[in-house]
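Shared between the two complexes below is chain A, which pairs with chain B and chain C, respectively.
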Partner chain A sequence: MIKIDKRAASALIWLLLLTMPYWLVWVHGYTALGTRVMVLSLAAMSLNFLLGFTGVLSFGHAAYFGLGVYGMGLTIKYLLPSTLAGMAVGVLAGFVAAAIIGALIVRLRGVYFAMVTIAFGQVFYFIAYRWNNVTGGDDGLSGWRRVPIDLGFTRVDILGNDKALYYLVLLCFAVAVTIMWALLGSPFGRTLLAIRENERRARFLGIPVDRHIWLSWVISCTFCSLAGTLYALLNNFADPHDLRWDQSGDFVIMAVLGGMRSFWGPLIGAAIFVVLQDYVSSQTQNWMSIIGLFFVLVVLFFPRGVLGILRRESAR
Partner chain B sequence: MTQLILFNLLNGLIIGAFYALMALGLSLILNLSGVINFAHGGFLALGGYFAFMLIPYIGFWGALLVAPVLVAAVGLVVERLFIRRLYGRDPLYSLLLTFGLAFIFEDGTRFIWGASTLPFAVPNVLQTPLSLNFFFLTGYRLFMVALVCVVVVGLFLILNRTRLGMRIRAGTSDLETVSVLGVNVRILRNLNFGLGTYMAGLAGVLAAGMLGLQPTIGSALIMPSFVAIIIGGLGSLPGTLLGGLLIGAASGMVTVFYPSASEAVIYAMMGLVLLIRPRGLLGEEGRF
Partner chain C sequence: MSLLRVESVSRRFGNLVAVDTVSMVVEPGELRAVIGPNGAGKTTFFNLISGFLKPTAGRIRFRDEDVTDVMPAKRVWLGMARTFQVTEIFPELSVGENLRIAVEVAAGYRLRPWVGRDADAALRARIDELLAMAKIADKRHRLAGELSHGDQRATEIMMALALKPQLLLLDEPTAGMGDQETYDITQLIRSLHRDHKLSIVLIEHDMRVVFHLADRIMVLAEGRMLAEGTPAEIAANEAVQAAYLGKAA
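This part shows the complex of A and B:
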């Protein structure tokens, strides 16, 4: 295995992402698929901020993702036909919910934490599912469309132009990922790593562990709801299943598949997962079994993920 | 009005008994092995479908006896093949694995038996209402409550009076010591998993008779079971039982006054418990 320079690898990734709509057609993809990969990558990378870099097991991120989705949909449909307003509302909703729920659960650890996040995630699912006349219930929220963004000097037509939407998503992705990258490199991020490695030692060093975990949780959930707002834009639709526990599981498997301990891992995991799901669901009715089997195989034979394995090989 | 409240309260308690039955199995596995068995709902559905297949041959009562045992057998095999490999690793992996298994179970049952609700015949003896004023008091409902009581008492007898139960309890508090003392921990965990899935299978047979048999029957019951465990307190089986009954009764009562909040109320209760008493109602301090 050739050793790859980290900076060169990052540059290569950004280059590939910037040109994706142009090379995707060569490999029989389409722009919307690329946009989907980017949106779900952002969600998986946000989750991994907590999972891989703070060592806290959340299995309920779909709730915050879904709050973003519905925040966008409800805003455009009922409040104000503006994409930016929808993003603001969706992200704010995710942030507030994460801050409140985070305060309740921040003292719990391990399996207990996972279980509580799963259970809390379902609250929003049931609200969306039951509040029929506002959210559309099980049928989802339809009857609205993304709105072109008017910047004063120019108009970004994300409705008519697939590529424009892709670049909007890429812009949000870049901003969010850069912030997370910077945070992980800062003393705050290093503290999170210390908590992941040995919580007790971190506590003895006088680090307010609970507060750090709460912060990491809120950051992670907030970026996840940003991804949710973009997902709503992509689909022109809000689906209650975006809020459900299976969606949370998808995010976790993306992070694990790509490599939890690598910054770019979830991106690769999301790409593999989205392409696989797209292919399998077009081939067979029983795609759920295939995806389930995929979960089992990844856990049993591939627990370090793609980048984890690459890294170990190159370390030899 | 009183009748309506009584009806919903009883209904809620029965549903709560299901939650408790399922949550007790989940709790057993979680306490000893540290595994959240997401596939528990799948095992429950399997219990219902096995019973559905068996009824034409051995009748309802025979199916009630045999189907849960078959489910437990599947549980033993699943534990042996998959879950055993993940003990001692990050709980993330067992969670993901059982998550995948839950998908496979749900899709598999849909593939074999179809997506629509199957007719599930309950014996006539149990169908007739016992009283005209309280028409909702069918024999089946009372029978379910009685059976759940028997199973719960049986479980606590096994745990408190038998050697296996003693080892399970000991392993729950300190598995390493139990292992050093010469207990085969692999077999212990295997049997414990079987016991947990047996309870899921039994709940499945009962639930099929009450709620109708369809592939999603398990995933509808699993989330409230998690809530029951959290409210009751992780690590405490009596707590789990209490939690199940409490959320069942609460959601039954809310159905009377504000039906669309009947699901949300149990999560609100969970939030309240976590706020006031993070270890759960009967949970031990400092265990998690």
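This part shows the complex of A and C:
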């Protein structure tokens, strides 16, 4: 294989994403499937900012994703019929929750950290699950729909036009991903790599490790809740399962499947996950066992994920 | 003003007293060696100075400031840098990136989301300077984890040096090295001390290295200070000879 030029690869990815609604139909896809890939990719890439580039495993990112989902749903249903307001509320909710919870747990490491992120995540799940008259409980929050965005000079009809919704999601994805990409190439981003590589050395270089992990956690969770708000728009629905720990597990699977050491890995992982889910679930109810098997094979034989394989081949 | 003043520090682990009321004063520009048989408490003593462990008794002053309860990162900000017995670097990053992180943190950029062009040029110049000093410039693009033991150690020392410390703490810098590597590292430490006037405290097993480098030597045995003096005084000290020979016998 020819050596992959990083810039060319990035340009190719952006080009494919920009044109996705048009080429998806050739491969028997549909626009909403592409939108789903983008939303879940954003969530998985946000998680990977923490997992792959700070070396901290969270099993509770669904909580912040779900806060985005419910922030959007509740805002449009009860507060203000505005998509942008829903986004602001969802992201703010995720940010505040992450900032507070992060401050409580940032001293923990490894399995202990992961366990506590699950525990806090389940708290939000049970609130959504039990608080029937506001959140709709186990039935989820329905009876609301995404609202076209009025920009004054023009109206973006994300309700009636699938492609408009896709491009709104792509715009949010692009902004979030560009910020994360820029951060990872900055001195701050390199302190995160330092923590991932060797926490003791990082500490004795004078990096206040806990504070930097907290920052990485808050950035990661906030972008994950942005993904949550978009997910609510896509489904016109808020499902309590979006908050649950198995949803967090799906994000981890996407990141690891695609390759958690590579920036674009989780995008590939999410695409594989969503497409397999879409295709296999039409054949059998047990689609998760197929994904599970695929995941096990990748982890056993290609611990660096799908992108890791490509990269190793290209390095030869 | 003394650079480092360790006042009767002790450290217990349960019933074991790893370090028992040890005091030490290091003057600016001094190269001090800490030696002693295995299990003498040298590394624990070092961990107390650098803040990796807290003493159960005693005080530590650095540049006239009481740092006994100050966290490691802040001791680094005050001008204390260290290396470890088992080299601690960033194995999956290149040598250049290892140094870049250290240089950026030293420049106070650790929270910056971007670097300007001028600042970037200054950082690069500093990295080049450090690479040249350790004679590892040809390895800057190699992954640090793939280097020889000696080059990894040199990288670690340069990362510590990038912080422009007032005091450099080296925990067995030549541990596990061959003759040539030991010689190279010894030369590097000597040049840091002689040419860059750096104050250094080092733990060392290799007596050739110690007597070659140190201005003063402190001997620990079973957690206590056995002797302190110039290399000549220590070589002539009967208690020290007994401690080492006694262990050997």
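Here, the second predicted complex is superposed on the first by the 309 of 316 C-alpha atoms of A that agree within 3 Å, B and C clash if a C-alpha of one lies under 4 Å from a C-alpha of the other, contacts with A are read in each partner's own complex, and residues count from 1 in each chain.
The criterion applied here is as follows: contacts are C-beta pairs under 8 Å (C-beta built on N, C-alpha and C of every residue); 3 or more make two chains touch, one makes a residue touch a chain.
Since the structure is predicted, the reported quantities are computational estimates derived from the model, not experimental observations.
With chain A as the common reference for superposition, the partners chain B and chain C occupy compatible, non-clashing space.
In the superposed model, A:L108 lies in contact with chain B only, and not with chain C. Once the two structures are overlaid, the count of chain A residues touched is higher for B than for its counterpart among chain B and chain C.
In the superposed model, the angle subtended at the C-alpha centre of chain A by the C-alpha centres of chain B and chain C comes to 80 degrees, rounded to the nearest 10. In the superposed model, A:N286 lies in contact with chain B only, and not with chain C. By the touch criterion stated above, A:V25 is placed in contact with neither chain B nor chain C. After overlaying the two complexes on the shared chain, residue contacts for A:R201 are found with chain C alone; chain B is out of touch. Contacts of A:R190 after superposition: chain C is touched, whereas chain B is not reached. Shared-chain residue A:V209: touches chain C; no touch with chain B. Applying the stated contact rule after C-alpha superposition, one finds that A:V134 touches neither chain B nor chain C.
When both complexes are overlaid on chain A, the residue A:L15 reaches neither chain B nor chain C.
Superposition on chain A leaves chain B and chain C with their closest Cα atoms 11 Å from each other. For chain C in complex with chain A, the residues that touch the partner chain are 50, 52, 71-74, 76-77, 81-82, 84, 88-93, 97, 100-102, 104-106, 109-115, 156, 159-160, 163. On chain A, the positions that touch chain B within their shared complex are 51, 57, 59, 101, 104-105, 107-112, 114-116, 118-120, 122-123, 126-127, 130-131, 245-246, 249, 252-253, 256, 286, 288-289, 291-296, 298-300, 303.
Of all residues in chain A, those touching chain C in their complex are 182-183, 186-188, 190-191, 193-194, 197-198, 200-201, 203-209, 212, 215. Across the complex, chain A is touched by residues 30, 34, 36, 82, 85-86, 89-97, 99-104, 106-108, 111, 223, 226-227, 229-230, 234, 260-261, 263-264, 267, 270-271, 274-275, 278, 288 of chain B.
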